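Going by the order they are written in, the chains are A, B, C, D, E, F, G, H, I and J; count residues from 1 in each one.
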Amino acid sequence: MTRNEVTELIILQKSAMGFTWSELAKAIDKSKEWTTAALLGQMTLTKEQAETLGTMLNLPVDATTQLQVVPYKGSLPTAVPTDPLIYRFYELVNVYGTTFKELIHEEFGDGIMSAIDFSMDLKREPDPLGDRVNIVMSGKFLPYKSY
Amino acid sequence: MTRNEVTELIILQKSAMGFTWSELAKAIDKSKEWTTAALLGQMTLTKEQAETLGTMLNLPVDATTQLQVVPYKGSLPTAVPTDPLIYRFYELVNVYGTTFKELIHEEFGDGIMSAIDFSMDLKREPDPLGDRVNIVMSGKFLPYKSY
Amino acid sequence: MTRNEVTELIILQKSAMGFTWSELAKAIDKSKEWTTAALLGQMTLTKEQAETLGTMLNLPVDATTQLQVVPYKGSLPTAVPTDPLIYRFYELVNVYGTTFKELIHEEFGDGIMSAIDFSMDLKREPDPLGDRVNIVMSGKFLPYKSY
Amino acid sequence: MTRNEVTELIILQKSAMGFTWSELAKAIDKSKEWTTAALLGQMTLTKEQAETLGTMLNLPVDATTQLQVVPYKGSLPTAVPTDPLIYRFYELVNVYGTTFKELIHEEFGDGIMSAIDFSMDLKREPDPLGDRVNIVMSGKFLPYKSY
Amino acid sequence: MTRNEVTELIILQKSAMGFTWSELAKAIDKSKEWTTAALLGQMTLTKEQAETLGTMLNLPVDATTQLQVVPYKGSLPTAVPTDPLIYRFYELVNVYGTTFKELIHEEFGDGIMSAIDFSMDLKREPDPLGDRVNIVMSGKFLPYKSY
Amino acid sequence: MTRNEVTELIILQKSAMGFTWSELAKAIDKSKEWTTAALLGQMTLTKEQAETLGTMLNLPVDATTQLQVVPYKGSLPTAVPTDPLIYRFYELVNVYGTTFKELIHEEFGDGIMSAIDFSMDLKREPDPLGDRVNIVMSGKFLPYKSY
Amino acid sequence: MTRNEVTELIILQKSAMGFTWSELAKAIDKSKEWTTAALLGQMTLTKEQAETLGTMLNLPVDATTQLQVVPYKGSLPTAVPTDPLIYRFYELVNVYGTTFKELIHEEFGDGIMSAIDFSMDLKREPDPLGDRVNIVMSGKFLPYKSY
Amino acid sequence: MTRNEVTELIILQKSAMGFTWSELAKAIDKSKEWTTAALLGQMTLTKEQAETLGTMLNLPVDATTQLQVVPYKGSLPTAVPTDPLIYRFYELVNVYGTTFKELIHEEFGDGIMSAIDFSMDLKREPDPLGDRVNIVMSGKFLPYKSY
Amino acid sequence: MTRNEVTELIILQKSAMGFTWSELAKAIDKSKEWTTAALLGQMTLTKEQAETLGTMLNLPVDATTQLQVVPYKGSLPTAVPTDPLIYRFYELVNVYGTTFKELIHEEFGDGIMSAIDFSMDLKREPDPLGDRVNIVMSGKFLPYKSY
Amino acid sequence: MTRNEVTELIILQKSAMGFTWSELAKAIDKSKEWTTAALLGQMTLTKEQAETLGTMLNLPVDATTQLQVVPYKGSLPTAVPTDPLIYRFYELVNVYGTTFKELIHEEFGDGIMSAIDFSMDLKREPDPLGDRVNIVMSGKFLPYKSY
């Protein structure tokens, strides 16, 4: 049973049993963003978290074990994503990439925003012209140092 | 004078004259995020905005005219960015892409977050463990419709 | 059973049972264009639509369930399609891409034609010199906004 | 003077002199779609057409001559376009490519829609929910023949 | 049973039963060039042709049905072929591509040679210095038209 | 002066002076196919041929010398050609590549058709349904040998 | 059983039964270079050779038959090889490619070294500073001819 | 003056002054293989060698200096070479890559043939059936070591 | 059982039986760096090493045999790695590649650091600001030689 | 003057004036590793550092200014490097990538080695069997955190 097959099984079971990602997250007392990433094979669960979710989703032992192993990360099949929803985020990087770079350097100097010491919050923003997706990203600034 | 040369000239002049992106944005009463994108060749300025910024940055007429033409967008030289700061955003898409997809579909159904009807706010978030980059993105949800 | 296998099964069953895409579309009272896309794994059916078509095509429960899950979209195996029929559409984008861009910007200003709020109608156009394929596309114009 | 430089010069002169693509098309009594493609280096003008437009746009002799030479076609710098407007058309091919294929084969049998014996009409479709881009494509169906 | 598996089965059965492509072609009264392409999954057979060849090659019903479905064309696993025989043809396109273009445009004007309304004849050309492969290609010229 | 610039200069001069490729070929008593390839930077001219054509096309000494140097061959800017005329030949390789392979192996055994000991003849084939492009290719068969 | 599976089976059986490539080559009275290439799916064996080796390696009939079919050649999974030993040869092409070209043209004129009418000998060259790999390649020179 | 321009200048001057690579090699008492590679920007000359060759080829001081700087190596413009002569060597790697690997491992165990501690000799091998190119490569075997 | 499946089985068994890489390394008296690489399919074990580890990990005979065969090396699925930990090393090559080159050439002259005669030591470096990863690489310098 | 031209100018001037990277580093009291990276366009200098080095290398004002601007990082022209010295580092990532991953996770848990809070020391390691390149890398471990 490969890690990909574990991911597919989780999506199937979640769908068959009618859980939402939020409910699964609540069961282990974590954010829905982090929990979803973990169940999709991008983060590592503790033994306890894996067993709680494994029981809820009726996963075989093998799958529960794999959720505790650090995965080979990267969730997309191609370098440029083909799915329209995910492509829009890639487009933001492509169009606004140099803008991110200029503004972060203006505010902080040379360095990067960490994608590891990072958290994210995604919610619905009601709007009379059509509701909006609201995403807040927060990543530690890491400066390059000279030595 | 190609559009790329206009972009390079702007960066040079801004640096030589000591402006920040925020100051340039304030001069045309727009956000620093949108203004930076526009000056880096990703958005289109009005005649008035172009002339105000052209005068501040001492640009030739040709460059000022080009800022009013809709550009061929895309600010990166390669499909996978090599610059570490910009790569971190690509990594977020790569690692969290399917998470974005699952959570937006859970909240909204099938559709996308618009990258056009979209705004962004980037600021410093003070933190005793090291300051953080805080980015808020807001994009209209667009549902697929059946017909 | 992966989504791809569901798609292949549908094509097989449709062929074996002698249905046309138009007949399947009529059964759920939708256009043949949208219905075909949905059955080929690009759109999401409602429970009722999935069950109607599942019964007609004699699909297993698993497949019927998958038709109600938002798919990872993108129907082609390579970035540049090899099938001659599909390539001709890619060629249109390659040859006329900048023409589309100039004419839409001339008419509407900076923005895009939505590929989400979008519909399409494909029909035969009789012509004494050989019949023609006639495709009408209609997509909402979405302007970039400054902020 | 390369063909690319001719294209850039035309865009510059058109902008400087305030012409629209429609006005240029009217001057040679052709559609705006075909004329724009020709001036962007994708189609070949006759001597008369080239001279009429060359005079209007104040082009040097060299450029006017090049407009009469069959160009190496293909208007985009990368296999997957980065410009959001043009990308949306690529996305349509990616998402609806197999739908186009199935429906054309259902209606016509094995063959293709010609991208050569082809015409196109692009116009604004007023809509209270936001105006729409309406594109009609008409291409001759070419059947494969056995021999 | 995927289309690829049908192709592999045909090659195996043909080899096991000792048929040549020419014999298979004669059985359906078509050229060996077209028949080979069809059996390799690039063209579509009629019901009668499929059944004749299916019986000769002892194919299962499933395979015989698939030969009547329009295939997703493209017979090579990579954009640049690795097989030396097939690569030589790619090399001809690479080295002589612009020569083809110049000579066809000199003779016919702007347009293409159809790859659909096309036939081919491949035969041995005896030569004392070593026999030669002789290939005759004939494709309809399709002019671009202005509109 | 690079080889590419020599090629561009030749195309310009030929066009400005009104020569056809056939006339240039006749002047050095070679086929139009080989002569065009040589002038487009794919073959090597002798001193005498280079000087004859250099005089006709009014080329500088530098260019005439370069025509006698073995060039780095390959006339296309991308691995998959974007020009529709040249693409159709690539499509033939893609669709008929395995057919070429099977039929040549059936006739000759394991080996290749030479792309070096090769000649080609391209002509117009009148046809009441629209004239056709007729291309005859002749390449020596080279068998693999065991040792 | 695909050709790849035949290759894997041969490597396994050879290893399990303790044969060297040289011993297998001797059994059919051919060089170890050619025999290894043939058994790895790059050359075609005669019926007699296939049966001799098939018996030695205890292959099923199916595999023995496939060794007599002309294979789709190309033994590497990626365009740039990742295996360090094989990469070194690719590096030689990359670094010395233009040197090969210049020296062969200096000695022979315009043409190529055949990779078909070609043989190779690989042996150990004892050296007090560390033994060396010695490879001799011999390929027929094929001149381009004008026509 | 970039390194590429130095290379081009050397080829031009060599051609204009009628030197062969062998004559240039003799002047610095090195093999023609190594000398050609060095002059094509793949190896580094000593001050004395650079000055001797610089004087013979009448190079500017700048170019003579650059020949003494370690170059960024790699002499081909694309990952898969388009020039037929150079491609044949790439084809050898592609077809015989796994054969090289098996035979070197059989003779030496796990390790590689060095492409650095390496020499090469290229000569004409007369043959009544057409002369042959003979290349001898000699590279030190470097074993992987465990630690 | 392919080599990849052997690798996956080892990771599974190691995890199920609770071994660390260090413990496995100690059992064959080698460094943890080399042992891990060998078990992940990048190095070759001796018969004795393979049997020791095979027994510890309860591997089938087939797997134990494969660990003694020289593998096709390369441990990553894509040219640019998607896993953030591995990407950081690729980023170091991308950002510091030319720095490595300049400093090694300054110290040693033209040549390379061997990746074959190479060893590595990876350890934790305690640091009050957060522990650090400390990697020491040692590779033999191999000079290019002229000949 | 682009950033690339600044880099080339620095290499030229350093060579012409006979400085080593170590001497330049000493002048600004930084390590040779960091200083070389900065002068090759990968790090940002302070005003004082830029002026000190600008004076030593006799750079124009423009270049000195650019050294203080945060650069678009990435020092290699292709995704897979062609230069043999730099390729060896890429090979290490390719062959040992999963080993790095396993060992770092074993020691630290899920997370990465920072490529930003990172330092490096490169020196010669004398060895009777041939001197070795010794590289010590030290990067802060950054754990993923759940939230």
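The rule is simple: contacts are C-beta pairs under 8 Å (C-beta built on N, C-alpha and C of every residue); 3 or more make two chains touch, one makes a residue touch a chain.
All values reported here derive from a predicted model rather than from experimental measurement.
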Neighbouring chains common to subunit A and subunit E, by label: C, D
Candidate from E-F, D-E or F-H with the same interface as H-I, over half of contact pairs in common: D-E
Most widely separated chain from subunit J, with each centre as the mean of CA atoms: E
Distance between the centres, which are taken as Cα means, of subunit H and subunit E, whole angstrom: 41
Averaged-CA centre spacing for the pair subunit G and subunit F, given as whole angstrom: 31
Centre-to-centre distance between subunit F and subunit A (centres being mean Cα positions), rounded to whole Å: 53
Per-residue multi-chain contacts in subunit B, two or more chains: 33, 72-74, 76, 79-80, 82-84, 91, 94-95, 98, 101, 105, 111-112, 114-116, 142
All pairs of touching chains, each written as two labels joined by a dash: A-B, A-C, A-D, A-I, A-J, B-C, B-D, B-I, B-J, C-D, C-E, C-F, D-E, D-F, E-F, E-G, E-H, F-G, F-H, G-H, G-I, G-J, H-I, H-J, I-J
Contact set on subunit D toward subunit F in their complex: 2, 65, 69, 72-74, 76, 79, 115-116
Complex interface listing, subunit J residues touching subunit A: 30-31, 33-34, 38, 43-44, 70, 72, 98, 101, 105, 109-112, 114, 116-117, 119, 142-147
Subunit B to subunit J touching residues, read off their complex: 8, 11, 15-16, 77-78, 80, 82-84
Subunit G contact footprint on subunit J (complex, rising order): 80, 82, 84, 87, 91, 94-95
Contacting residues of subunit C [partner subunit D, same complex]: 20-22, 32-33, 36-37, 40, 42, 73-76, 79-81, 83-86, 88-108, 111-115, 118, 120, 122-125, 127, 129-142
